[in-house]
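Letters A, B, C and D name the chains as they come in the text, with residue numbers starting at 1 for each one.
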Amino acid sequence: MSEATVILQMICPDRSGLVSELAGWVAANGGNIRHADHHTDVGAGLFLSRIEWTLEGFGIPRQALPEAVCALAERLKGQVQLSFSDELPKVAILASKQSHCLFDLLWRVQSGELAMQVPLVIANHPDLEQLCRGFGVPFFCVPVTPVSKAEAELTILRLLEEHGIELVVLAKYMQVLSSGFLERFPDVINIHHSFLPAFKGAQPYHRAWERGVKLIGATAHYVTEDLDDGPIIEQTTVHVSHRDEVSDLIRKGRDTERLALARALRLHLRRQVMVYRGRTAVFA
Amino acid sequence: MSEATVILQMICPDRSGLVSELAGWVAANGGNIRHADHHTDVGAGLFLSRIEWTLEGFGIPRQALPEAVCALAERLKGQVQLSFSDELPKVAILASKQSHCLFDLLWRVQSGELAMQVPLVIANHPDLEQLCRGFGVPFFCVPVTPVSKAEAELTILRLLEEHGIELVVLAKYMQVLSSGFLERFPDVINIHHSFLPAFKGAQPYHRAWERGVKLIGATAHYVTEDLDDGPIIEQTTVHVSHRDEVSDLIRKGRDTERLALARALRLHLRRQVMVYRGRTAVFA
Amino acid sequence: MSEATVILQMICPDRSGLVSELAGWVAANGGNIRHADHHTDVGAGLFLSRIEWTLEGFGIPRQALPEAVCALAERLKGQVQLSFSDELPKVAILASKQSHCLFDLLWRVQSGELAMQVPLVIANHPDLEQLCRGFGVPFFCVPVTPVSKAEAELTILRLLEEHGIELVVLAKYMQVLSSGFLERFPDVINIHHSFLPAFKGAQPYHRAWERGVKLIGATAHYVTEDLDDGPIIEQTTVHVSHRDEVSDLIRKGRDTERLALARALRLHLRRQVMVYRGRTAVFA
Amino acid sequence: MSEATVILQMICPDRSGLVSELAGWVAANGGNIRHADHHTDVGAGLFLSRIEWTLEGFGIPRQALPEAVCALAERLKGQVQLSFSDELPKVAILASKQSHCLFDLLWRVQSGELAMQVPLVIANHPDLEQLCRGFGVPFFCVPVTPVSKAEAELTILRLLEEHGIELVVLAKYMQVLSSGFLERFPDVINIHHSFLPAFKGAQPYHRAWERGVKLIGATAHYVTEDLDDGPIIEQTTVHVSHRDEVSDLIRKGRDTERLALARALRLHLRRQVMVYRGRTAVFA
């Protein structure tokens, strides 16, 4: 279970022989493939591949691997991402006042379900400081007002840089990140409290109640400039009835939100998600 | 299971003592209540009640009941609907070319799951005639072209009238009914192939694929003038993955569509659905 | 949402007029019914009713209500339970080493989802002390060995008594309570990590993996002398695949366990569960 | 969608380089891989692989492929199964009196969802003859009594042989096939009306009701000598409540049964199921 592995994610133009070429390259270097998953998007003419093999005994030394896979990608005219299962990515969690997603994520990190480090939590309200302290995670409060927003984002960017953050998770952070922010830090996962594309934007539970839907949902997705339009990683739903008030939708929603976010994040951390053309392939 | 019952559905302004008043009225007339379900919409100030009791031995004769419940409703300043479980409503099914919902409904009628009569099926294409014949159900083909639409709707209305139809079910009828039609025949249930309000309108599966959602759904709802905006009765979903093409979404969707439609129709036929303010209370 | 209510749960032999009699009694005393739910088990000849009405303005004073409802129950030859929504039951949580259910419950209490007090947590291992401290909940470690079990149970019973506990929740407490314990303290809810009656007893996830099932589940139930045979309150499932090892089943199971337990406990606390003949009616 | 493919399913002892060896063999013969899926059962030391590639242009002619893949399997000391997507397997459906699964399967064959031929339906009761006639499928009634069972099985085996049947589907065939039958014809898929291993054997819905479960299920599995113990392909569940009588469980069960059976059969027909050690790997 804990043996270190190498994970290669490749997207390239589709043609014959790609599975063999990739698997052959791993085998030629003495790699023992643990998982191999591929997908061809026929319409897009693209081939997507995720290969995971045992690090120990592999012919190419760890530090030489980035160069080697780049050469491989060049040969296939593709894009590649290389990861090692024993490297814990540094992830910052952004939150506001609600605790359910933050709590859930910190508990999963602590219990070993989510293979990542959390060097810091940033919130625009002070409410969750105590919670973070309980988990031994540094907490930074960066208030946001319409006037201070640009400055606040700069503060956040600086904190991310100082802590070497690779990924930001918005765990009910109720602020919209500017396009300027995303240009400088594009790797962001968000949880939206509706089954997108239904109820994009604000107050989805109120609008769901107004519409009289019989199920509500949650969507974990990568953040892009167009609000709530980013590539979807995971969606969950839960049934509601006429007896449920808006407050019940919010309560039921908390459970489905944290499940969707936790699952999406785990898939991301295990490098099981590949993004292309505004969508994801999830090799689960 | 088969004992005949009376079903009373009442909506009236909320106040103290309504449950007692309704149950007391039934008891005073010697009725044995089998089911009693109530809901108060606090925001709207409305009380909704569905009471079902055994017909046999009830003090008010069957033919006098309509007048009696109207008097009751007047006293409560409410609206009432009276039904008898041993009366099979006459339901017309409208379809186009796809067979899955029609097949499913006819099978459920035949097997006794749906307590209704189907005096006729109407379609704007001839494809499903054979299917209907297999179930012994008269089939009428009423083609619709942009030019002939008004005339076609008149033909349909005439057929509904001739057959004493009380409810129309759109089982993948791919035509939009005009507001003129709905004014003359408002009792229509439709199945839409998305979890509304996502993907209203045409081609929901194609748009779901484009958006890269991880679940698709179906919505059974009453038809109103505003397309796909009617009161929702039932919604179902099913997971999809990046491996699913549009054709797979359509295939998976068929199963979830027919389930949603069959459940909604059963709820309607058992008088478990109450509509108010653009939404439904479902006493299941 | 926060207006205090009275909740009456009645089980009695079925006969005509019971709904009217109960609702009439509430109305005669000036009560405004907020929820009324009934069920007739025809085979058992039993009538079950749950009625909830506003406390304020009710004609019978709070302290006189127990006697009044007992008189009512006697008249109907039934059993009655009376509760007030503004009374927070004292609940003890028993755990062992695993944190997921305990964490989840304490968070839900803190966030107001579960209307109860937790005067203490008892565990047979010391691991969860820190967690409890974070929530400000007293923690008692009562180790259990085959030799010390009887004594340990006496210690637990004493703690329950000292703290005025009304309900015990086994949040992954990996010890079987003796029949002697249950005789003295019968109100216990347990979470079992399988969809009962499949995989009763020990190691359900290992056995589920061995059997090659495609879904695993969790069951929240009242504890009876016969292990895992008590009345079921809630069951949940989650899909698994051949790729899932036993450790994955355990991981996925944690999410479905805590959901089942939290839902069951909420239903119990809101007095929506009625137990009879080894089963439950859940008025949700 | 309709391009013919070759499907190779291989199980062999695990070792390094297998993915490369298999993919390399396909590539060396000019095959264009469309899907490649692998699984290593570490505990069992087994490697399972399913590879699908385009038939057109493949270097080894169709009629020479069986010999070629046998040689490949021998080299890997494995077991192999070879299939072509353009060959429609001949499947016999066995039924008794209930129509829901039979109806569903015949409709799915007719609509193109299930890529198979149905040369005949066999039932131990005459009730479903009319239904089969509607689909143009020959119907054979082979009554079974305790006395005639052995003889009836011989008649069925003869019918299977005469029609060149490769797979038998038990669509609510309420007879247990003898071990002698299974020895002579082992390829049988059954639908059991419970989430196995709960409620093995007779009357699962009655026993589920007795136990007071909150969900019921269905299990599609390969048939083995030990009743209801065969490798599971697919399981589905549906929620039930205290309001559901046994007849409601049976009704709700019909929907979940036919879904489980149809999905399992589709997976089998597309050669996405591999059986080993009493369990299945499902490459979906």
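We adopt the following convention: contacts are C-beta pairs under 8 Å (C-beta built on N, C-alpha and C of every residue); 3 or more make two chains touch, one makes a residue touch a chain.
This structure is a prediction, so every number in the text was calculated from the model and none was measured.
Asker: With respect to inter-chain C-beta contacts, which pair, B-C or C-D, contains the greater number?
Answerer: Of B-C and C-D, more C-beta pairs in contact link C-D.
Asker: Cα superposition of chain A onto chain B: how big is the rotation, rounded to the nearest 5°?
Answerer: Going from chain A to chain B via C-alpha fit gives 180 degrees.
Asker: If every chain is reduced to the average of its C-alpha atoms, which one ends up farthest from chain D?
Answerer: Checked the centroid distances; the maximum from chain D is C.
Asker: Per the centroid of Cα atoms for each chain, what is the distance between chain C and chain D, given in Å?
Answerer: Here the centre of chain D sits 41 Å away from the centre of chain C.
Asker: Which whole number of Å gives the spacing of the CA centres of chain B and chain C?
Answerer: Chain B and chain C have C-alpha centres separated by 37 Å.
Asker: Tell me, which residues of chain B touch at least two other chains?
Answerer: Answer for chain B, listing residues that touch two or more other chains: there are none.
Asker: Which residues of chain C touch chain B once you look at their complex with the stated criterion?
Answerer: The contact residues of chain C facing chain B are 16-21, 23-24, 26-28, 30-38, 40.
Asker: Given the complex with chain D, which residues does chain C contribute to the contact?
Answerer: It comes out as residues 39, 41, 195-199, 211-215, 217, 231-235, 237, 241-243, 278-282, 284.
Asker: Please name which positions on chain C make contact with chain A in the complex.
Answerer: 1, 99-100, 103, 107, 111, 113, 134, 245, 247, 251, 255, 259, 262
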